[in-house]
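See structure below.
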Amino acid sequence: MIGITILFTFLAILSVAFYAILSKDITQSVILFMGVGLGSVVLFFIFQAPDVALTEAVIGTGLSTAVFLLGIRHTSIDKEMES
Amino acid sequence: MNLKKEFRLKHIVLSLLSSALMLSILGLLSHVKTNLHKTVGDIVLSLNMQTATANAVTSVVTFFRGIDTVGEVTVLFLATTGIALMLSSTQRTYKKVVHQESFILDIGSKMLLNVIVLFGVYVIVHGHLSPGGGFQGGVVIATAFLLLFLANPNMKLKHSILTLGESLSGAAYVLIAIISLFKINILLGNFLPHPVSQIGELVSGGIIPIIYIIVGIKVGSEMSVIVEYFVKEDYLKEVPHA
Amino acid sequence: MLDFFNSNETIHFIITVGSMLLFTIGLYGIFTQKNLVKVLISFDIMESALFLFFIGLHYNFGLVAPIVDGSDKTFTNMVDPVPQAMILTTIVIGLAVLALGLSFGIEYFRLTGINDISKMNELRD
Amino acid sequence: MSLGYYFLLPVIFSFLTPYFRKLGTSALRGSSVFLTFILFVQTLEYTGVSLPQISQFSVAPPIGIAFVLDNFSLLFLLIFTFSGFMVSLYMLWYFKANDNTNETRFYVFFNMLLAGSIGMILSCDIFNVYIFFEITGISSYALAAYNKDKLGLEAGIKYLIIGSIASIFIVFAIMLIYLQIGTVNIGLIAQRYSEIDPKIAVLIALMLFIGFGTKAELFPMNFWAPDIYQGSSSHVNGLFSAIVAKSYLFVFFHLFYLFGLNTKYTLLIMSLGAITFLVSEFTALNQKDIKRLFAYSTLGQLGILFMALASNSSDTISGALFHLASHSISKLLIFLVLGILISKFKSTKITIVGDFKSLFLSIVLIIGFLSILGIPPFSGFIGKILILKGFALSHNYIAIAFILLVSIVEAVYFFRLIALMLDKKRTKTSVPVGFVNYIVLSVLAILIVLFGVYPSLLTHYTDLATNALLQPHSYLQFALGVGL
């Protein structure tokens, strides 16, 4: 069971990461990037690394996404976001 | 049209190149050993009982590789200073966001703040017993402030208190290292009593929980400062030069 | 079928291939993306790939997290704690560098209105 | 004093910087001078002590982390602490003459840049080296972008991106090492490096080469360096050239010899160094920006150092270490003088060296130029001649011919600068120097002349350092915690 969970989580992470890179919309790619973090949290938990999982959850998924979302408004020329 | 084709071609070539590189690395990685014996980690696990810390990762972070953590805290401090250098508002003017005071939002966020801070403190204090510790708990506390900022962008943190917490906790960490040098002649040693029988209790492990609490205060205040700068940058738009 | 998936060799194979593919995606992003935020995201994806690789290869079936609870007070049959501590450090450093880079980008965008790293070419021969 | 203070003292000073600022600007500046002075004096004391020395943190290595000082790192420690002391004195003038809004933050980065570089050369744990690598890196990104102008920020962003790539590869290498040997202690890795599967060993060497080679400005990965130098302030360039690049160079060659890579990759590194030297000197010929010109000059000198340090023969390495010390001092001198000129003329055109009127500055600047070029009686001459002598003793005549030929190219642009400086037809403006700068610049110039006239003052240390590098037996013993 664990093996299959690992396999499918990896597939999910890979597809999410791929779309995060390819997406034209920066906001979308930030949110998708958060998906990579979430998948990593699941995997770290399976790999018996709860400390790393907690760190990845609060830092990789939580705070860095927040920092990105707060920061991108001032680093993009998107007209929609200016209004 | 032609340009677009060229662009696509470049993408294809680059992706082929990077996948070729990675495939070769992958081929090499099939030779990696995966079940090692007698690693440093095994020695650490066998020694870990002496530190009287239930969580081995915590004892590695704060004790066995303690100077790494001093460096890590310093990296965060440097990043905070750099962000403050970049985004500090000395040279620009901000306009105040017209903020409609919503009673429910205000009260709700303040109530949640207490719960989140309490959880952060729990994570920090139980760092040596359960997963978590100073870094994680500090960031949890910072996210509580993020919530407060999102509810009320005009809020201001007291910078003098944050600077105090940041500077003094950092200095305290280094001072603990130096006191230990005078007490047991080893920098960053565990100079407080840590009987093995206490393992699993809240007060156990000598200086290890104290270090994690200090790290928690430092990380919490630094991350709050980072969050505040980014929120201010985002919400309080600059007045265009007339 | 389940036995095949539940062997150490298989999961180590999945971890190696998966994390290296993730690494490739990040590398591809660095090569092709022009927006500074996306480049930073690519860096983070590459770092995540390395973390998964490192932590994953230290996991074998039957090992538990390196934390003792009340009843059983021996540190045996546990996952290696040193890689976890190292990854913990690296995650925090990664966040620090990322936030610093983003603040550089914000300030540069405020001055010039450029967020495209291929157009940052004031400095040249 | 325990070696740990080399890192802990700058850290505590940095943490307390906001409070020094509250006591007044002079307390802030004074604290940095005091700190660098203490570190320098302490390093001078270590010259009379039997080395290696070790001081451990928490647990004895190889489980814990320790700082080990041997003769090789002592030489670098002397250069770093001396350069740091000189720059902190120079900053006393700089912030009086220039905008000092963000002075507090500058001192934080300056102290930590020094501490990170020193930590990198002292630590005997490769993951700890990575932490110091990041500390130095973040300080230098912030220092590059410190002025918050267009050029500075662009330099900062470029430096950050390049630095992140380098650090990812270093982390990868460390992970592979841990997976293979199960340790991160440099002494233990060096002992067991031959046990690694040869294919993985190649991969590890490649990753370390990319990571540290990028930061040490070696040929295929040094395209970024001139941009950074052009965008940053001149005194920051002095720091980059005298301290930061040298610390990455230290780690590169330390690991190169400890892991036994010198048996396989000598020719590769030597040829890459030669290409660095050739390309940079030719590109330097038609530069219009003075900081960029000296960036290329720095790259060229680093190229010579790579050639000589990788050469595997003790005479050449000893000469290279002499040249390294001399280059640090000379480049620091040049960049500090340029800083004075740039803050006066507000321009970075190459012509500013012809526009000033100050006998003192002209003399020290010419001393710096001639020393880099390798004209007697200055220290750069001794450095180059020792390298050439070393190559001659190991019958490597191609390298000798190559260095001599490319040095002619170097001479072209240096003499062009000197001619510009001595040109009587240009309108000259007098430049205020500042009291403290008279001391700093004359100390640097006197050292250049002194090492040129009495090279034995320095060759004593470089010979010891070469021995420590090529016969690392005692270092390895100490890295495993024997001396405790």
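Just so it is clear, A, B, C and D label the chains in written order, and each chain counts residues from 1 on its own.
Here, a contact is a pair of C-beta atoms (placed from the backbone, for glycine too) under 8 Å apart; a residue touches a chain by one contact, two chains touch by 3 or more.
Everything quoted here is computed from the prediction, not taken from an experiment.
The chain pair with more C-beta contacts between its two chains, of C-D and A-B, is C-D.
In whole angstrom, the spacing between the mean C-alpha positions of subunit C and subunit D is 30. Work out the mean CA point of subunit B and of subunit C, and you get 16 Å between them. Chain centres here are Cα averages; for subunit A and subunit D they lie 38 Å apart.
Shared interface positions of subunit A, i.e. residues touching 2 or more other chains, are given as 50-51, 55, 59, 63, 67, 71, 74.
Within subunit C, residues 21, 28, 32, 36, 57-58, 65, 67, 82-86, 88-89, 92-93, 96-97, 99-100, 102-107, 110 each touch two or more of the remaining chains.
Contacts with at least two other chains are made by residues 127, 131, 134, 138, 141-142, 145, 148, 178-179, 184 of subunit D. The chain pairs satisfying the stated touch condition come to A-B, A-C, B-C, B-D, C-D.
Here subunit D touches subunit B in the complex through residues 2, 4, 7-8, 11-12, 14-16, 18-19, 55-59, 62-65, 101-102, 105, 108-109, 112, 115, 119, 127-128, 131-132, 134-135, 138-139, 141-142, 145-146, 148, 176, 178-180, 182-185, 197, 199-200, 202-203, going by the rule given at the top.
Interface residues of subunit B facing subunit D in the complex, by the touch rule stated above, are 25, 28-29, 31-34, 36-44, 47, 63-68, 70-72, 74-75, 77-79, 81-82, 84-86, 90, 163, 166-167, 170-171, 174-175, 177-178, 181, 186-190.
Residue ranges on subunit B touching subunit A, taken from their complex, read 55, 57-58, 123, 131-133, 135-136, 139-140, 142-143, 146, 223, 226-227, 230-231, 233-234.
By the touch criterion stated above, subunit A contacts subunit B in their complex at residues 50-51, 53-55, 58-59, 62-63, 66-67, 70-71, 73-74.
Within the complex formed with subunit D, the residues of subunit C that make contact are 30, 36, 39, 43, 46-47, 50, 53-54, 57, 82-83, 86, 89-90, 93, 96-97, 100-101, 104-105, 107-108, 111-112, 117, 120, 122-125.
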